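What follows is a set of structures to go through.
In the two complexes below, chain A is the common chain; its partner is chain B in one and chain C in the other.
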Partner chain A sequence: MSATAETVQDRKAALKGLGTSRKRVEDARFTQGKGNYVDDIKLPDMLFGDFVRSQHAHARVISIDTSAAMALPGVVAVLTAADLEPLNLHWMPTLAGDKQMVLADGKVLFQGQEVAFVIAEDRYIAADAVDLVQVKYEELPVLVDPFKAELPDAPILREDIADAKEGAHGARRHPNHIFTWEQGDKPGTEAILSEAPVVAEEMVYYHRTHPCPMETCGSVASMDKVNGKLTLWGTFQAPHVVRTVASLLSGIAEHNIRVVSPDIGGGFGNKVGVYPGYVCSIVASIVTGKPVKWVEDRMENLSSTAFARDYWMNGKIAATEDGKILGLWCHTTADHGAFDACADPTKYPAGFMNICTGSYDIPTAYLAVDGIYTNKAPGGVAYRCSFRVTEAAYFIERMIEVLAIKLNMDAAELRAKNFIRKEQFPYQSALGWEYDSGDYHTAWNKALEAVGYKELREEQAKQVEEFKAGNTRKLMGIGLCHFTEIVGAGPVKNCDILGMGMFDSCEIRIHPTGSALARLGTISQGQGHATTFAQILATEIGISADDITIEEGDTDTAPYGLGTYGSRSTPVAGAATAMAGRKIRAKAQMIAAYLLEVHDNDIEWEVDRFVVKGAPERFKTMKEIAFASYTQAIPGVEPGLEAVSYYDPPNMTYPFGAYICVMDIDVDTGVSDVRKFYALDDCGTRINPMIIEGQVHGGLTEALAIAMGQEIAYDELGNIKTGTLMDFFIPTSWETPNYQTDFTETPSPHHPIGAKGVGESPNVGGVPAFSNAINDAFRAFGLTHTHMPHDHWRVWKTANKLGLHG
Partner chain B sequence: MSKQTITLNVNGSSVSTEAEPRELLIHVLREQLEITGPHIGCETSHCGACTVEIDGMSVKSCTLFAVQAQGKEITTIEGLGDPDKLHVLQEKFKEHHGLQCGYCTPGMITRAHRLLEENPNPTEEDVRFGIAGNLCRCTGYQNIVKAVLAAADELNQSETAA
Partner chain C sequence: MITGNFEYHQPSSVPEALALLSDLGDEARVIAGGHSLIPTMKLRLAMPEHLIDLQGIKELKNIDVSNGEVRIGAMTTQAELIGSDELFQAAPIIRETALQIADPQVRYMGTIGGNVANGDPGNDMPAVMQCLDATFLLQGPDGERSVAAREFYEAAYFTARDELEILTEIRFSACEGGYSYGKQKRKIGDYATAAAAVLLTKGADGSCTAASIALTNLADTPLYCADASSHLQSNGVSEDSIASAVASAMEQIEPVDDNRGPAEFKKHAAAIILTSTIRQAWARA
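Up next, the complex of A and B:
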């Protein structure tokens, strides 16, 4: 018996399926410099495009003189809005139901806005020509503070829709107002707030930042006029949607457009949107008949494509005196910049901000979000998070801390007291979600134990005494966070982008000799899909992951899907992969039964084969079945072995985690040092533990950046102050700590393999953990809340304001 | 602008090409010589994606005019190993999951290579300091550091054995 058991185990191990820390198949090309990114694409006669951009945040464009630029040898064309207007391409729709100028149409609304597009024979000539384009502006008053947007003297930014009383998301009360989005029970929550024994209130600002992947955005468009086919390579996290948009905008039939996402050098939400550069490269290729490449530089990337966050979240939380939360109220002022280009599902103008009740059983809640136009770059993308989930998690995890201070209670205990209990799942939240599964208390207790929470608090108390006695100038902060995400958008009945339902897909072909090709509607940007999706399939169909090729990103070959962002690849495309695999297995069962000369019901699946029940020596492996499917005439069964699945998820998934950060802070310099960071993640079924850990390390480092210094800041004239890597903080190996990772495993009950997604958890949970550590360090000295980013200067100022510098 | 003929020794081969005096080395490598391993991630010499070795020094090739590299020995990621025999660093980056999107990887490995040439027995702190000129947005560096230390170990062992 034991020999047989071992054999089954060996066969299982040989598959390298679910739960295996399989090494990545992508790495061979990346480690040898053989990745193929958009800027690596070189086509015969390819031209280069470059933008003339506005130096003003708000100005009228009086005139654009392109004559000197056109006179420069090597310049092929200079496009302005006037050239695009006859094609109706001077504006384009945004993903949020707004529209955005492709090239400045009469005015500019943010610094760095695209004004003209120069096309030249090489990138140096294009850059020279950009300098030669003469644009005359008339400066207008600038609006950078969203709280001043509706004052009587506020300049009106969007003259194109100044009189529109209705926007894409309901009534607008002012020309600079985009939408109001309300969720939950307003009167009920207000009644609780007025009667509750304890109410804590705080304004929590999640500052504007940027995903800043190592590779900037870019595209290469090639219009083949002979065959009438447009090919567009680019940095697209959602290539199929780009194809549909390109077809609708250009009028080229969708089957004549091929969109390809080659290797992508990190996305983090930056590459979800459609940018003027993509549109201009397409138009330029159509106009010139030659391939046209556009790749933005880092300054253009930081100042024009896809900011994230910028939410002013005013919160009130009501509780009993012993810390049972009764209600939560939140009003958010959302600074959207000049165009509402948020990448959210259509019905969710503030994304899933209504996950802001977090991990807690809060009976009554109300959320309102007001979207506001300002003279800043458009975007509002989900920077390594599901739509606005990191804002929501930061808000509730700060409010819990603020409430703990008000109650004079330990913040870990307050959390445990209010967690949704295991037996309450599936749990209906006050703001409308059905949490699928969770076991928060187990994760929390494991985390507290792992870091020695009680001892840390004792040490901290001692250190405060020492500080007060003048024996040390350092303080210690303990940053707690228990987050719940909502990812895997999403059910088609309520999730769409530009009308396209947010399903995803997988198509599988088993080759005659028993290896396989699977194509998906998603696209990896570093997540390792070619490795992990093969693992899902290996377990489903019993073919080794090493014998399965995964392809994504080419719309001519891959099935339609909504792409990779919001941690949706595993929850949605991963589910499609499993379901397509099960279709393969169902057909394989019929073939195996025929070959074994038994009834379908008399055989059962075992790792990589169908076995005759009660006669384990009689079996057919998937490899044998595949061969038979191509070589034998099987009555009632079509030849070949292929399957396709389009998966519409019944619900979102709800990964969660418990993070604890211990920070040492030098009060006199404001310099902080992460002593320890413990991250426990529960992402349901774990596909590849090595990749999960890598995702957690990376996401935590992005969280560290955001919490500790990374921001897109503007001055009062709308000048961007952090537009290069000189000012925009990205931690190096020197500032980045080592992280300790851990897990619990609570499978999703509705996902075919129980997986929930993990890539974004560390960003969502990491930011509150780092920020709470800084805030916590000063709690003993009367601090309730200080805004991020917690760079040295701001931390020093916090200490100074508290009178800690003597 | 007039072009000049320059001769570079890239990955062991002497190549001549034409470049304007203002052309950056990274552009000449990528666009003329079709050596696309080194990448462009910024224009301020912060990110290190374009790192190559020139005469035994790590250099950010976006910070150098191609004409300044006239006659010099240049090694890029393409010169470190080949498909039949990867460099130990390439093996260790794979083994320890020291990369995700792969964009910083060529520069990172090229930098790590020089670091180990100069300091064959680095501590974790030495590695963290030594690669601090190369940014990565995906990995949080932890596994990169692990990979470089593992490569140092293996290189030292094979040296001892030899």
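Up next, the complex of A and C:
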């Protein structure tokens, strides 16, 4: 018999490994204001850069006069496209295979575009000098509506590629057209649509919004002309990719570039791409020989760095009369703004939008996405979601509701009728994915039961009667959502960014005294990696999470990785961590066997030690093994205890969840109130339940923001109307409802520890749940669909159009 | 988001501040809590060359209630208004309103003087001051004068205050009866989509002995609704009279389209807010 059950339990608990609600180790510094962000970096002789930006959405740049700015004491230089051109840096490649102006080259294409870069001794002088740069523009007609982009009188935006018939993603049919991406079976789907007994159709718009992280984007570049080394600190969600791109662009050898992501105050996709500010700070440092800092302000962040969504999704869904779905058709018009700067894997210009069959067994489907240029800021990033997954989830979860209305059927029942069944996994979807695992019916029934769904519907029906009788002005909406995500990009065979395969990595060093350092290719922006990755490792190698330091973000020390976005850190780098841990354990096993003078196969792993089979009193702890690896000569075994793993995931992971929102809506003021929000998440193996809950709360609050008011809106001249936090909705604690969280646990069969990723689920599932609640409230009065965001006036307008104001 | 250059002055008395204003002329602005002024300076919509900070003038920071009269120094912060029990006894509508302004951080800095002198139709206190029939004390190079809140506002950011004057004090009579400030906004920290201030006094016989109604952010100035007020006073408060009073108030409003919604929505919301605010004030009367 081995050690008593109780001691094994105790030792397990002491590791604080998988499944422990371990407190976040990051929070001690964050809650004391002791984090170290880009803007905290202060170097001797550091200069500051600031942009002159276009006030026009579309204009030709006639001239730029920098003389008055240069005359201001303290101004060091003013860069324009003409200065960057000899270096071939006036344009830069985007992650989507397009190129983007670093500084206006002859014309501007969106309001807020970078026109000139002022470099001065402090940021106050730089701001004053920005006002002194005189730019002469000739205004051009503005294109804001993507549906007008290909009309005969549409202005041509991208004159640089006006004649290019081929883009990065195939044929282009018009100068304002970027790509068409098609997936699935077009004739098959069309045939089903023409024959099916029931077809529901709807245009579902997921409006333009913005990740708006608390910390805006910025960088500090420092070119050391003596040793030829460039150090670049910045708000980078993918520091290694930035290093490679910086090397390719600047011609500086990659070993001479060090990229550091310090603490990052939220990313949500906004910090994946490369921005003109990064390039300009590098050039400015090379030109001046001094460190140069650039940090954008909130309005610059909202108006010029990457937006999210802006998908017009026209859907058709076919079904039998009793609600069995037969086919799904979707045509999306994607407004990409002035440059295609999406941050998707290369082969996926519309990201994983082809997950739009959702949680349902839909035999036949077709998806086409048209990317269009408009006079708006570039972007199209995955705002707290895997690439375009939130768009896909919103689309299918709205289409299900629309179909339920057409069928006059309960939307919960319609979902249950069409879920992919447990025994169908691994499931091959009509649009090309292999879903790894799931048990949707169990999750769904648990959710319906937890909220008392039947009683809620009865209450709602009563309230409609009361409303009709004139006894109340409030309606009740029940928002249902069952989402399936696709995260953890991704297998190198089909996922890359700028050619770099989307593997990730972990390198572990066990110190002689039995504590450890692990470095990863990812970078936390608030997810708590330093906490959770240590937990994965603790369970793998039997060293307490408290004795493991996790380091990320410095390309000189961390192994190459593709960074953190798309919920990929746990599925990919988390897997690399487990695999590297297993390599450590394999070597430790040889050492332990030697120390215990038995054969390798005669010992077995138990929590934190190797134990001789059948002789529990004979064991070596990982701590003892580590010490021996540095202090003893062990025949046939190299000294030291280190391992590195590069993990190429065999498949994506498919987290899912069942969310239900109950909302009370005042028909006269348009004010809505979330009465209840229940969120069941299945993210496979749960590493840290407390962090999961925190991620769910945060993601749901962002979902609330998006669904209920947050938008980037432009007027017809391309002026941004929501460029400050007065109008761009960020909920405070007052607007944030209570959330009730729950879970089921269906491990991923191909992930080393069965984990699937959770950080983005609440945004993906939350938005449809909130939006469906609003839509559902008006179902009894004939509403099929109304667009987000559901702010007061739009809800009022919906009620008004339905004649509810008498 | 960086202001233009300015010189900073911190006088310690009103005469000193007035002298600075006169000397420095057009390019000078007084600054109180800075929570309306600094945002406009950061956007460089305002670029004063001189800021005359009133924080150092102790005599401007006080709340005094005596003989049924309330006097509030211009530099009293919104947080201090909320914290004063004496003021709450004399005019509870002030606390109710101040609690609906922005968030605690803004209220620790923002002052009542700045809020009413600013002239922004989105500010909440001007309508409350009109509702209370308050008087603003202005001191200038030619001495002191007073202007009724109901006469003070001319257009957005234009008031009866001369550029060389400082608003030093607000005075009004302590009120009795029911009160309410109702505000619809998109979130904490937002200005009103529509807001209403209502004071109603109930006689022993249940009649309405006094009524006063004013509205926020529904035109380019706050709106005192004289007709609606006298309608309630003459006809008493009933669902019918409320409907007529609201209809009369709605004739005065001229909301504009903005991100809070189109004018047609604001008109509807304003009527709803005013109706519920009157009901609440009456229930408290």
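Heads up, the rule we're going with is that the second predicted complex is superposed on the first by the 803 of 806 C-alpha atoms of A that agree within 3 Å, B and C clash if a C-alpha of one lies under 4 Å from a C-alpha of the other, contacts with A are read in each partner's own complex, and residues count from 1 in each chain.
Just so it is clear, a contact is a pair of C-beta atoms (placed from the backbone, for glycine too) under 8 Å apart; a residue touches a chain by one contact, two chains touch by 3 or more.
Being a predicted model, the structure only gives us computed values, none of them experimental.
Q: Between chain B (first) and chain C (second), which does A:721 come into contact with in this model arrangement: first, second, both, or neither?
A: Touch status of A:721: second partner only.
Q: For the three-chain arrangement built by superposition, which of chain B and chain C touches the greater number of chain A residues?
A: Answer, by number of touched residues of chain A: B.
Q: Under the stated touch criterion, which partner chain does A:793 make contact with: chain B (first), chain C (second), both, or neither?
A: Second partner only, chain C.
Q: Is A:734 touching anything from chain B or chain C once the two structures are fitted on A? First, second, both or neither.
A: both
Q: For A:694 in the superposed arrangement: first (chain B), second (chain C), both or neither?
A: After superposing on A, A:694 lies in contact with chain B but is clear of chain C.
Q: Overlap the chain B and chain C contact sets on chain A and report the shared residues.
A: On chain A, the residues that contact chain B in one structure and chain C in the other are 123-124, 297-299, 725-726, 732, 734.
Q: Within the complex, which stretch of chain A touches chain B?
A: Residue positions touching the partner: 23-24, 26-35, 37, 39-40, 42, 123-124, 212-216, 263-266, 268, 295, 297-299, 525-528, 690-691, 693-694, 697-702, 724-726, 730, 732-734, 736, 738-739.
Q: Please give the residue numbers of chain A that touch chain C in the complex, ascending.
A: Those residues of chain A that touch chain C are 123-124, 127-128, 131, 297-299, 668-671, 709, 713, 721-722, 725-727, 729, 731-732, 734-735, 791-794, 796-797, 800, 805.
Q: Enumerate the contact residues on chain C facing chain A in the complex.
A: 1-2, 4-5, 44, 103, 184, 186-191, 193, 259-262, 265, 268-269, 272-273
Q: Please output the residues of chain B touching chain A within their complex, sorted ascending.
A: For chain B paired with chain A, touching residues are 1, 20, 22-23, 27, 30-31, 34-44, 46-47, 49, 76-78, 81-83, 86, 90, 93-95, 97, 99-106, 109, 127-129, 131-145.
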